[in-house]
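Quick one: this structure, given as structure tokens, is what I'll be asking you about.
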Amino acid sequence: MTSKIIMGAIGIGRIGKIHIENILRFFPDVELRTICDIQIKPLSSWAKSLGIINTTSDPSKIFRDPDIQAVLIFSSTDTHSEFIIQAANAKKHIFCEKPIGNNLKRIRESLEAVKQNGVKLMLGFNRRFDHNFRRIKSVVTAGQIGIPHIIKITSRDPAPPPLEFLKRSGGLFFDMTIHDWDMARYLADDEVEEVYAIGSALINPSIADFDIDTAVAVLKFKQGTMAIIDNSRQAKYGYDQRVEVFGSEGAIMVDNDAPNTARIFTSNSIESDKIHHFFLERYMQSYKDEMIEFLECLRENKNPSVTGYDGIQAVLIAEAAKKSLVEHRPVAISEIDSK
Amino acid sequence: MTSKIIMGAIGIGRIGKIHIENILRFFPDVELRTICDIQIKPLSSWAKSLGIINTTSDPSKIFRDPDIQAVLIFSSTDTHSEFIIQAANAKKHIFCEKPIGNNLKRIRESLEAVKQNGVKLMLGFNRRFDHNFRRIKSVVTAGQIGIPHIIKITSRDPAPPPLEFLKRSGGLFFDMTIHDWDMARYLADDEVEEVYAIGSALINPSIADFDIDTAVAVLKFKQGTMAIIDNSRQAKYGYDQRVEVFGSEGAIMVDNDAPNTARIFTSNSIESDKIHHFFLERYMQSYKDEMIEFLECLRENKNPSVTGYDGIQAVLIAEAAKKSLVEHRPVAISEIDSK
Amino acid sequence: MTSKIIMGAIGIGRIGKIHIENILRFFPDVELRTICDIQIKPLSSWAKSLGIINTTSDPSKIFRDPDIQAVLIFSSTDTHSEFIIQAANAKKHIFCEKPIGNNLKRIRESLEAVKQNGVKLMLGFNRRFDHNFRRIKSVVTAGQIGIPHIIKITSRDPAPPPLEFLKRSGGLFFDMTIHDWDMARYLADDEVEEVYAIGSALINPSIADFDIDTAVAVLKFKQGTMAIIDNSRQAKYGYDQRVEVFGSEGAIMVDNDAPNTARIFTSNSIESDKIHHFFLERYMQSYKDEMIEFLECLRENKNPSVTGYDGIQAVLIAEAAKKSLVEHRPVAISEIDSK
Amino acid sequence: MTSKIIMGAIGIGRIGKIHIENILRFFPDVELRTICDIQIKPLSSWAKSLGIINTTSDPSKIFRDPDIQAVLIFSSTDTHSEFIIQAANAKKHIFCEKPIGNNLKRIRESLEAVKQNGVKLMLGFNRRFDHNFRRIKSVVTAGQIGIPHIIKITSRDPAPPPLEFLKRSGGLFFDMTIHDWDMARYLADDEVEEVYAIGSALINPSIADFDIDTAVAVLKFKQGTMAIIDNSRQAKYGYDQRVEVFGSEGAIMVDNDAPNTARIFTSNSIESDKIHHFFLERYMQSYKDEMIEFLECLRENKNPSVTGYDGIQAVLIAEAAKKSLVEHRPVAISEIDSK
């Protein structure tokens, strides 16, 4: 057996814990040397139960540890660029949760640092690793449905996050649609030329002061593919995640996963159980699978399939969508990118 | 346009009316010359509204009409053999509703009359013409699932007929399973060697005095295929009609038809509408399609695909199933057929 | 039995024939007195086989016949307004195929004639009578999914019509999306405020000279509902007709109808048969059901549920969509309606 | 945190490894002290990679270790009774893989030992913990479908095991249908009165010398429920695991799980991916979930829901089915149980 890959992790929230538990359970060839969080105290018993020895609230303990080969960044979006730069300058490979950042200039600087230091950077667009969407990608890539003409993405959360979160999140196009911008690019295998977006606060009028909770966006890709994304912060029936690609030779559609296949036939109706309610249930496997790829890239010196470039493109589209919403017109990505 | 085919019909109950309305609507090349029913009076306004001129309670009016080329027998089962014999002796082609009769000796005589007079006889096993079951047959025949190993037929009525009907019907194996015996033979493309049947009156204990209302039967075919049939007089959720054939290379399964494709997603469940409740909704198209074949056989001098032989085989299996139920053991068809 | 309703029909193309055959088969209380087509000769044997006696190429024979109570207009779109005006002035009730016309001024004049003469006018938006979409409407109306937030309509033809037809059709937004504009209004139960549409000729570049063959449109309704429509002239897998309404309390989705329910399981995959290929197979029942309503309106002096107002609204939205496509910006219906 | 439960495991084959890896990953409150296999050498690197320190080929090391509270028996069927007796006499709780044994007299002795020593015994009928079948059970128990009338179980393996395995397995009714006998009892919530079974070697004629590879069995339960089981050693399309319960008020049906929800629409057909091929993919979660219950029983001093009684009942039914096959007649369980 080869030697273990030694890692440190920064930002131990909900997603951070998922990744860390996955690594400890399923990746015996990784040593998670140190974990860091600004509020590390409350995490100590959790860390101990998993056998994690080094815990700190000082990220530099990770960057300065010469044994650590890779840094996992799970902290809040506003810290991503800074941590990427520090990790890159410390010559450590990086796995960073999406979105890559919230400031285009700073994001570009972080990608420059990655480039200058020759380290690997993988973005955590986990949905690319989902069994359903991956199947779409494989069918599209194999040409089974011809050239993509229309991509349709439905992405609806079961319930809105607290207002306080929403006020700091950067807005629906940044904290929620960010996955869908990436999914559209991934499936079209092309770059977005223009965005048109409409939206309102249909669920909670209090949101209207600073954001929307229901949105529809239309994308035009350079090669002609069109994409439609619809979002809602509140689908009472569960976490609705569907994608469809229509092409010159056919179409592929994925429906939601179900908790079981039971159908109950009574004198009233035919009933099935609700779809999954929570993104963790829905996407659990994808978190594991993206980490498998990251490790493979480190072991075999391959480039990650989800790059910093993908990270910045999603942010550019989100900016264009926001501008479209405000200015009530289609907005070209080039209007944003040139800044 | 060729000349019209002239027909007479005997027995104008529920099924008779369906067939006659279909003919008048969709078969402009048929002239329905005369209809006959033992209680013809109450039918006069219905007949008039359809433009049927000759109505009678005397079937010999049909048999003696030299212009009539074909007789449609929709009367009660106990009259089938008699009418087949008379029609055959009058050199008229015959379409007869299932079952072919309820007395093996008499059935054999009627088939002999058909043979002697060289007329065509088609049995009304309409399910062979159903879009779902026909699709199974085509896949099995094309060899797509290899050699059939296990055939599964579920056939459940939404609600039991009145007790009075049940007392005269000949029993579940004759009035209900008769379709399934035929379907099993049709899909296996082979003859049944042996039957084992169990059953009880689980829905209505009053039935226990003379019949069962829930049954399971297992068939062994000569070439090795096994078939399972399950019946109930009362499926609260509707008219349940499913078939599955499992073979050496795969399987084909058909589910129930639905009144629409809607799925309603709420915070409780995912709901669809109930399946069809009534056999007429479910099998309407098949009644038309079997008549298309009968006409084709007359026009093009072809032999019907559902013959008197098929009719008698279904009755033999029903007799064997009844004997199995009574004697609590597997019964070979040869025990019945030799009588 | 009440006396028959006497009708005349103008324009005996594909749709006209469907309606006429339905009436003759299923509506014994209608007398189809006279049919008219500019090319009536080739229709004579078809008419004779159905027992239609009066055939003419002169529509005034219908308008001047005092016995005729209702006129069915199945002729080409450019003639609709003229025939509506003549029928209305002759005090005849009117069933008119969609779209109501292709010239806004003329359409308004025809509706004025209808109003002045106090006759009934029903528009042939048959999809409102489809079993799937009707089920959606009933669920939405019953409040089962709350207030509609997002409506999604997919409407794709299996193959484009001939180029010659397309050049005269008025364009995709008028000959094809016209159904979808109406469906969106019908399900939202509200009026459209604004349209944004994009589209290209992705299937056949020759179309690019005068029209598009693939389109995406986004509608904003006055009460806040958003709708997304996507169209293609060529879905290789069949006639794709799906609708979904997402609301504050849930969602309802309808999938395509299937020719049968068979699933074939082999060592390669699970296969089902293609969806219907042709709009007549898919919507046959709806043509009958809309005519049932029209007759009911005549018999019981009720107002049709699909009115001239609905007809003109669909045309207004189509005009706005066309303008949006050309001017590359969202277009308010008020910009068109004020003309 | 409470103290860990200390366990030993005997028989480290395919299933044993699954259970052990689950325990080490997901049950931090268990200490797996010692593992034992008659061929322990080849397992050493696997054990080391998991951090298991004590490995042995001598089961007495486990029975004699006073710290070990529970023994997990994953060894071959013929050893189960012996190990149950030894574990029970050593006052250790027991989790034993199905079937409970292959010799009725010996099984009874082992259950007596369990009883005398007051230890807990849980049988590994993992399918009871499967998400689909568990959902059926909950619906049946809640009375949503009324009194069960007909239970249908389809259980087909993707490919037969090697002939050598089959010769030693005890036969299809013991190594494969054993799950289905238990499932039928579990869902009927009643005891089997009588079995009728037919079967042949349809897949591999070489099997005919000592066993069958395709079977149909019919069960009669004491309260009147009927059950149908069909088995095949070779379903070319994958691992087919379906169950349906039909009752006086409705029905519940579960279909196979799918690897993804994608449907591919082309000009040929609609295609989905094959169902899971392997029982481990299909039932992975159930292996974890049954262990959760076993631990709960130990922690909270509860009785396992799957008992030694369940284990012996499944064997009795298998014996009756075998006798039915040989003697070609229905066989009462009482004929076997009285021995």
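A, B, C and D label the chains in the order they appear, each numbered from 1.
One rule holds in what follows: a contact is a pair of C-beta atoms (placed from the backbone, for glycine too) under 8 Å apart; a residue touches a chain by one contact, two chains touch by 3 or more.
Bear in mind that the values here come from a model prediction, so they are computed numbers and not experimental data.
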From the C-alpha centres, identify the chain that is farthest from chain B. A
For the copies chain B and chain C, give the interface type as same if over half of its residue numbers appear on both sides, and as different if under half do. same
Chain pair with the higher count of C-beta pairs in contact (C-D, B-D): B-D
For chain B versus chain D, what separation do you get between their C-alpha means, in angstrom? 42
Please tell me the distance, in whole Å, between the geometric centres of chain B and chain C computed from their C-alpha atoms. 40
The distance between the C-alpha centres of chain C and chain D, rounded to whole Å, is 58
What residues in chain D touch two or more of the other chains? 235-237, 240, 249-251, 265-267, 273
Mind pulling up the chain D residues that touch chain B in the complex? 146-147, 149-150, 152, 154, 156, 196, 198, 200, 202-203, 214, 216, 218, 220, 224, 226, 228, 230, 232, 234-237, 240, 246, 248-251, 328-330
What residues of chain B sit close enough to touch chain C in their complex? 1, 25-26, 28, 49-50, 131-132, 134-136, 139, 144-145, 249-257, 259-267, 273
Chain D touches which residues of chain C in the complex? 235-238, 240, 265-275
